[in-house]
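The first chain written gets the first letter, and so on, giving A, B, C, D, E and F; residue counts start at 1 in each chain.
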Amino acid sequence: MRLPHVTDLAGVDAAAVGVPFDTATSFRSGARFGPEAIRSASVLLRPYHPALAIDVLDALSVIDYGDLPVAPGDTEATYRRMEAGLTPLVDAGVFPLVLGGDHSITLAELRALARRHGPLALVHLDSHTDTWDEYFDQRYFHGTTFRRAAEEGLLDPQASVQAGIRGSLFSGSDLDDARALGFEVIPSEELRALGPAEYARKVRARVGDRPVFFSFDIDFLDPAFAPGTGTPEIAGFSTAEAVALLRALRGIRLVGADVVEVSPPYDGPGQPTATAAANVALELLALRAVSE
Amino acid sequence: MRLPHVTDLAGVDAAAVGVPFDTATSFRSGARFGPEAIRSASVLLRPYHPALAIDVLDALSVIDYGDLPVAPGDTEATYRRMEAGLTPLVDAGVFPLVLGGDHSITLAELRALARRHGPLALVHLDSHTDTWDEYFDQRYFHGTTFRRAAEEGLLDPQASVQAGIRGSLFSGSDLDDARALGFEVIPSEELRALGPAEYARKVRARVGDRPVFFSFDIDFLDPAFAPGTGTPEIAGFSTAEAVALLRALRGIRLVGADVVEVSPPYDGPGQPTATAAANVALELLALRAVSE
Amino acid sequence: MRLPHVTDLAGVDAAAVGVPFDTATSFRSGARFGPEAIRSASVLLRPYHPALAIDVLDALSVIDYGDLPVAPGDTEATYRRMEAGLTPLVDAGVFPLVLGGDHSITLAELRALARRHGPLALVHLDSHTDTWDEYFDQRYFHGTTFRRAAEEGLLDPQASVQAGIRGSLFSGSDLDDARALGFEVIPSEELRALGPAEYARKVRARVGDRPVFFSFDIDFLDPAFAPGTGTPEIAGFSTAEAVALLRALRGIRLVGADVVEVSPPYDGPGQPTATAAANVALELLALRAVSE
Amino acid sequence: MRLPHVTDLAGVDAAAVGVPFDTATSFRSGARFGPEAIRSASVLLRPYHPALAIDVLDALSVIDYGDLPVAPGDTEATYRRMEAGLTPLVDAGVFPLVLGGDHSITLAELRALARRHGPLALVHLDSHTDTWDEYFDQRYFHGTTFRRAAEEGLLDPQASVQAGIRGSLFSGSDLDDARALGFEVIPSEELRALGPAEYARKVRARVGDRPVFFSFDIDFLDPAFAPGTGTPEIAGFSTAEAVALLRALRGIRLVGADVVEVSPPYDGPGQPTATAAANVALELLALRAVSE
Amino acid sequence: MRLPHVTDLAGVDAAAVGVPFDTATSFRSGARFGPEAIRSASVLLRPYHPALAIDVLDALSVIDYGDLPVAPGDTEATYRRMEAGLTPLVDAGVFPLVLGGDHSITLAELRALARRHGPLALVHLDSHTDTWDEYFDQRYFHGTTFRRAAEEGLLDPQASVQAGIRGSLFSGSDLDDARALGFEVIPSEELRALGPAEYARKVRARVGDRPVFFSFDIDFLDPAFAPGTGTPEIAGFSTAEAVALLRALRGIRLVGADVVEVSPPYDGPGQPTATAAANVALELLALRAVSE
Amino acid sequence: MRLPHVTDLAGVDAAAVGVPFDTATSFRSGARFGPEAIRSASVLLRPYHPALAIDVLDALSVIDYGDLPVAPGDTEATYRRMEAGLTPLVDAGVFPLVLGGDHSITLAELRALARRHGPLALVHLDSHTDTWDEYFDQRYFHGTTFRRAAEEGLLDPQASVQAGIRGSLFSGSDLDDARALGFEVIPSEELRALGPAEYARKVRARVGDRPVFFSFDIDFLDPAFAPGTGTPEIAGFSTAEAVALLRALRGIRLVGADVVEVSPPYDGPGQPTATAAANVALELLALRAVSE
C-alpha cells in the first residue's frame, strides 16, 4: 500500500511488520520471502473498504515498520529477536499486523502481546490446528505453535476458535488433542455449512470482549486461490468465502494479527497468493479500524 | 477455433478481431499478447454449445478478421486506427467480437458502433467500473473508458448495468460517481446473492430491446480462474458462475462485444486465463446466435 | 505417501500402480509424468481420513507396485503390456489404484479386471464422456475409451454413470451417442444442482451391488484447481465439491479405480493438480477401505 | 516473421511448414506445440541478415504453408500423411523448411525429398546420432531416424556429417554403430576444438556438391540456451557458437531443412528455445538464399 | 543492497533511481517492474568488489533515491517528469544510476545530464543501436533514443561507441544509419573477437576525458543469461563476458549510467535477469568509484 | 539412473545418498527438495561415459541408499543423524555420493569420512569459499562449513584447492581468511585463464595421493546453467567448462563427494539445474570408477 516506512511510533495506530523466517517449516520452505511478496502485491490496494464503509488510512495511522530481525536456522533465537523487536510496538499501543514467515512465528507475537494483555482469545483460520507436541523431535515448529501458546498461558483456549481444519491426519486423535487443550475446532465442511453469520456468532460467543489475536494461515484458502504455501490442503476456501467470514467478525476487539505461510517460490506467475494475503491484511486492518 | 482468417466481409455474420494494445494499463502490462493467447487457446473449442443447444458455426458465418492496427505507446492514435479498422465491419453489419488488449480499447469500439446504432446499452461484467475521470493526468486510460463513453454519448447509462464490482477503492465516492453518471452498479456480493436469473431480469429491465454492447473484463473472474490480468481483485467469480450469468442473458440484442485485459505473461502454465477468455468469447457468439 | 515399493503381493490389499503413458492424447501431452508427480505430491498425505473416520493404512495393506511397462508411441502394444502387468494383481485379489497417464489406459485396466469380475459398473467423473468412435482415424485414443469398453463388454453401461460432462462439443449428438450406448450422462450443471447426496443416490440406484470401477479424470476439476491436464474445460468443479461427491459414495463395491490425465508440465509451480490427484487417490482408497 | 499463409505454390521459393507431432518421443513430450511457438517467436525476426549481407525475403519468395496433417498417436500413419503433404512442395521445387515436432518426422521429409533428389547428404547438428535400431520395440522413433533413412537409401552416410554429439550412452558401441553406417560423427568436444571454419571445411569435403538436407535438433544447444526440449544434454553449444557454425557453411547446396524437438511446455517464460529455433530457421533460409 | 532510502542529497555521491516505465516498448512490455526486481535481487550484493579491489560503499556514499514520477501511457509527459526529478540530483553533483524501464527513458536522463555537462560521450552495450527515426509513427520510442539524443545535441556521437549489436534488421541500412550519425558501431562478432582489452582501448580512444554516459541494455546479454527482456536477440554475451568488458573500462570518467529493459514477467523463476542487472549496476558503481 | 534402492551394503562400491535439508541457508531455501529433483533428472542418464570410455555401472556396483534422516530446523541435530546414517557406508568401504541439501551438510560427511581416512584433501568447485566464522551468530551454516572442517581437523587445507570463487564480498579480507586457513583459492577469472589441464595439474600437486573429498556446489555454474540455487553469482561457469574441469582430474583418489545447493523451486521449467547436478554426479562416479 506504499505505506511510509517509519520506525518512530509516536501517533501510530497500527504497523505492518515483516518476519522473513521459514526455518520451522516441515514441507516446502520459502515463506521467508513472504513479507517482500505481500508488500509488493499491496501496491494494488486502495484505502477505502466499501463493504465496511471505512477509509482504513483515514481511520488509522498505519506505518510499515519494516522487518523484524530473525536468525535463519535457529527458531528459538528468532523468537528472542522477534519479542525484542515487537515489544516497543506493543508498549506504544500500536496494533501489530505481522506478515510471515512460517506459522512458528506466532508464538513470539503472542509472547509479546500477552505480556501486556494477558491471555488472549485466538481466532484462527487455517487448515491445521498446529497443536502437535513435537515434530522431528522439535518442540518449536510451525505445527506446534498453539500447543506451546496454550502451555505458556499466552492464550485462553476456552475463548478461542480454530476453523477451516481439514486434510488427512496422522491419527484420529489429532483433532481430539486440540479440543482437549480447550480449543473449539470447526472442521472445514462444518464451517462451510455454518456460513459467515453463524460462524461469527460462534466466535463472538467464545471471545466475548476479551482481547483477540487473529491468525490467518494462508493455507486456509484452497490451493487454487493460494498455491504459494508450504503445506497445501485441497478442498479449501475461496477468497470470497474468506472475506465474507472476516467481515462477519466486525466488532471483535483485535489487539494483534498475522497472515502467515505465504511462500512466494510456489506462487503462480501473477502472485495470487501474495495478492490474497495483502487483501486479507487490509481486511484485518479494517476490522481493527471498525472496532476502535 | 481455427476460424478462417478472412478479410472479405461478404456473407459474414460475425468476426473475431484482435487489438494487441496495453499502453493504457495502470499496473501490469502484457495485454498486448491477449489476442494471440486467446486464439491459441481457442483451438480446444468446438462449435456445438450444449446448454444453448446451438451450433454456433452453423448459425453464424464467423471469421477471424486478424488484428486491428494499433500505435503502441499512443492511446489516442490507437483509437483513430481502431475506429478506421472497425468501420468496414460495422458498415457491413458484421458483429464484432473484439479480443483485447486493455480496457481502454472499448472506447474506440463504442465510437465505431454508436455511429451506426446510436447510444448503446452496456452490459458490463468487471471488478471495476472504469469510470474514473483521470489517472496520472490522462483522460484516456483503462480506468476511464466508461466515463468517456458516457460523456461522448456512446452509451446510455440509464440502460446500462455494471456488475461484479469489488475491491478496495481510492474513496467512498468511486461507486457513487458511476451511479451519478447513470449506470446501475451491482457490487460482487450483491451479484452473487442475486444469482443468474435475477441478474438477467435486472439487465433485461434496463436494456429492453436496445442494441447492447457486452464488455467482459477478465478480472471479473477471480484470480484463481484468471490469474493473467493487469489488476486482479480477489473474491471474484468462478468460470461456472460467469457462464451461468452469461447464459441467463439469452435474448438480449447484442450488436458488439469484447473480452479484455487478458495478460498472458501473468497467466499460469496451462494458460487458464486465455482458455477462460476463449470460452467467454464462444458464449458471446452463442448469445448473439440465439438472439438473431 | 511414502508407501513401500514392493512387488511381492502376499497379504496385500491394494496397490498404487503408475502408467506413464500419453501417446493417445489429442491436445496437450505430458501425462506420462503424471505418476511421478502424484507420488511426489503424496508425501503430504497422512493415513487418517477424518471425514470417513478411518485410518486407511490400518484398514488396508497398501503398496506402491511401481510403474507398469508401456510402449511410448504405440497404444495397442501398451495395452498388451499393461494387461500382462495388471493380471498378477487382479489374480491376487489386490485392488489396483492406477495413476495415469492419459485416459486411453483405462481400457487395459478394464480388460484385466473384467476377466475376473465380468462386466463392471462404471462410476465416472470427467468433463468428457470419452465415447467417440474414432479420432484422427484411431480407434484407441483417450476420447474413445468407454465406447470401446462397452463394445468389448467390459462395462455394463446400464449400470454406469458419467457425470460432470461439460464444454463445447463437435455436435449435438455427442451426448446422445453416449446415452445410446446405455450410459447415464449427467452434465455438470445438473450434477451441481443435484448435490452429493442426490448424486450418490442415483449412482447407487444404477450400480447396485455390482463390482464398480471408478474412473476420475482430473479435468472433472476446474482448471483453477487442476490446470495441469491435457484438455481443460472451464466451469468445472472445485476440489471441495469433488471430495464431497466422492465421500457420498460410501458403500459402493469398488474393485478398481484410476486417476488420469494429470499433465505435470502444465501444472502450476506448487503442483496443485498433482496434489489434487494424490488426495483423490487417497479418497478412493478410503472408499475401498470402508466398503470392505 | 508474419509470413503470408498461402497454399498456392506458384512463384514460391521456400515454405515454412509445421509438423505438430510428438508421439515418437522417449522422454519429455510437448514438441507438438513446437510449430506454434516458433511462429510466435518469429515475429521478432526481420528480413535483413547482416552477417551474410542478404535480405532473405528479397532473395526468396517465402510463405507459411501451415501445418501438415498428422496422426497423433500413430507414427507410421503420420509419415504417410506428411509425405503426401510435402510432395506438392517438393514437386514444385519449393525449399521446405520444416518446423517440428520430434525428430522422427525427418524420415518422412527425407522420403519426400529423396524421391526427387536421390540420396541426400545429411548435415546434422544434434547431441544424439539418432541411429538406434529400436526403442521400446519400435522401429520408427525419434532415436532411430537416421538408421532408418540410411537403410531406406534416403541418405548417403558417406556424404554426411553428424556433429555436436555428447552425453552418456547406453554402451560404448552407440557411436561405433553410427560410424559403421557410414556417418562421420564429430563429438561435441571435438567440434568445439575444430571451430566453425574447420568444421565447414570438413562438411564441404564430405558433401561436395550433392543436395544437402540440414537437420537441426534444438538439443544441439545447451539447456541454458534451449531448455524447452525433450532430451536435454548438458555441456552443449551456445547460440553464438551455433550461429557461427551455420554461417560458415555458406555455399552448401541446401534442398531441405528442419528444426526439431522444440518442446514449449518446458521452455522458459520468455520462450528462449522457440526464439532460438526461429533464428536458426532464419539462418537456414539465409543459407539457402546465398546458395541460390 | 539494502541501501538507505533517502531523499536528502547532502554528502551523497551516487544514487540509484528507478524509472518504472514501459510505454515505449515495441514487443514485450513489463519493464515497468524492472526497478522493483533489480532492487529485490540486489540484496545478494555485498560492498567489496574483489576484481577492482574496492569497497564501493566505503568509496562512495550511495543512496536509494526511490522511483522517479512517470506517466504510464505517455512518453513525453514521462520525459518531463523524469527531467524534473533528476535535476536536483544532477545539480547536487550526485552520480545517477538509473534502473529502467525501457530504453526510451535514457533520453530524459541525457537531457538532465547534458544541461550540466554538455554533450556526453556514450558508451553503450546493447544488441540494438536504437537509432531508428520512427516506429509506428512515433518519434519517442525505445528504438529511437540515440537518434533523438544526437539530434538534440545531448551526445557527441564522434566520442561514442555502441557495441554488441546483432540480430536481423529491417534493412541493410540500419547500421549505416547509426554510423552516419557519427557513432562507432561494433557488431557482436567483432566485439567478441576484440576482447575486453582491445574494446577498452577503442573506447578510451573515442571518449578521451570527456564526461561519459554508460547505457547498459540488458539485451546485450544472451537470453540464456537475461531472458527477462523486451526484445531478446540470440547469440549474445554471457555475464562473464559482460563483466570483463566493464572492468576493462576502468578509468573512464562516468557521470551517469543506466541499466534498462529488465522485464520481470519474462524472467526465469530465480530472477536471473534482475540478478544480472543488479550486478551490472554494482560494476557501474565500482567503475565510478575507481574513476574518482 | 533408476538405480536399485537398496540398503544392504554387501558388494556395493558406491551409493547415492540424499540429504533433504536446507535449514542452514542464508538466502533462498528449497534445497531440501534437491535430492528428489536430482533423482528425477537422472533417469535421462545412461551408464556409458564416452569421454572417459568407461561403463560406470559395469565398473562399480552402485545403489541408491535413499535419504538420510535429518532434523528440519536444527542443523546440529541433523549433523548427528547424518553421521550416524553415513557411518555404515563408510565402514563398509562404500563410496558415498551425497546429493544435497545446502552446503552445511558437507561438515557431517567430512566427520564421517575423516574418522576412517584421517584429514582429507578437499577439491572444491564453488563460487564461495564457505569459510566465514559466523553468520547471524550461527557457527554451523552453509557459509561456514570449511572453516569448521579445518578447525576440526577433518581437512588438510594445505592439500586443498577451492576454485571458481567470485562475486562481491563483505570485505576484502574474505578471501584472505580462506587463504590464512591454508586453502589454495583460485578466483573464477584465474580458473578460466588456467583451463582444465593446468587446473588439474595444480590440484594434483596439492592433493598428491591423499584421499580426496570432492565438493561441487551447483552455484559454481552460472545462473544461466543452474538457476535453481540459493545464492546465485553471475559470471560463472558453463556446464561444458565444468565437465572439462572434472574430467581433467582423472586419477585423483576420491573417497567421498557431494553435489549441493540444488534448489528446485527456483529451477526453470525443464529443471536444468537438477539435470546439471545429475550429470555432475555421474562425472564424479566416473572419476571414482577410473581411479579404482
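Remarks
Keep this in mind: a residue touches a chain if its C-beta (ideal position, glycine included) is under 8 Å from a C-beta of that chain, and two chains touch if they have at least 3 such contacts.
Predicted model, so just to flag it, every value in this text is computed and none were measured.
Shared contact partners of subunit C and subunit D are B, F. Among the remaining chains, those touching subunit D as well as subunit E are B, F. Comparing the CA-atom centres of all chains against that of subunit C, the greatest distance is found for E. Sharing over half of its contact pairs with C-D by residue number, the repeated interface among E-F, D-E or B-E is B-E. Between the CA-based centres of subunit A and subunit E the separation comes to 43 Å, rounded to the whole angstrom. Work out the mean CA point of subunit A and of subunit B, and you get 38 Å between them.
Looking at subunit A, one finds that residues 28, 222, 224, 238, 265-266, 268-269 touch two or more other chains. In summary, the structure contains touching chain pairs A-B, A-C, A-E, A-F, B-C, B-D, B-E, C-D, C-F, D-E, D-F, E-F. Every residue of subunit E that touches subunit B in the complex is listed here, in rising order: 22-26, 28-30, 32-33, 70-75, 77, 136-138, 140-141, 265-266. Across the complex, subunit A is touched by residues 43-51, 53, 55, 222, 224-225, 238-240, 242-244, 268-270, 272, 275-276, 279, 282 of subunit C. The part of subunit C that touches subunit F in the complex is made up of residues 5, 36, 40, 265, 269. Contacts from subunit D toward subunit F in the complex involve residues 27-28, 166-172, 174-175, 187-189, 192, 222-224, 227-229, 231-232, 234-236, 238, 265-268.
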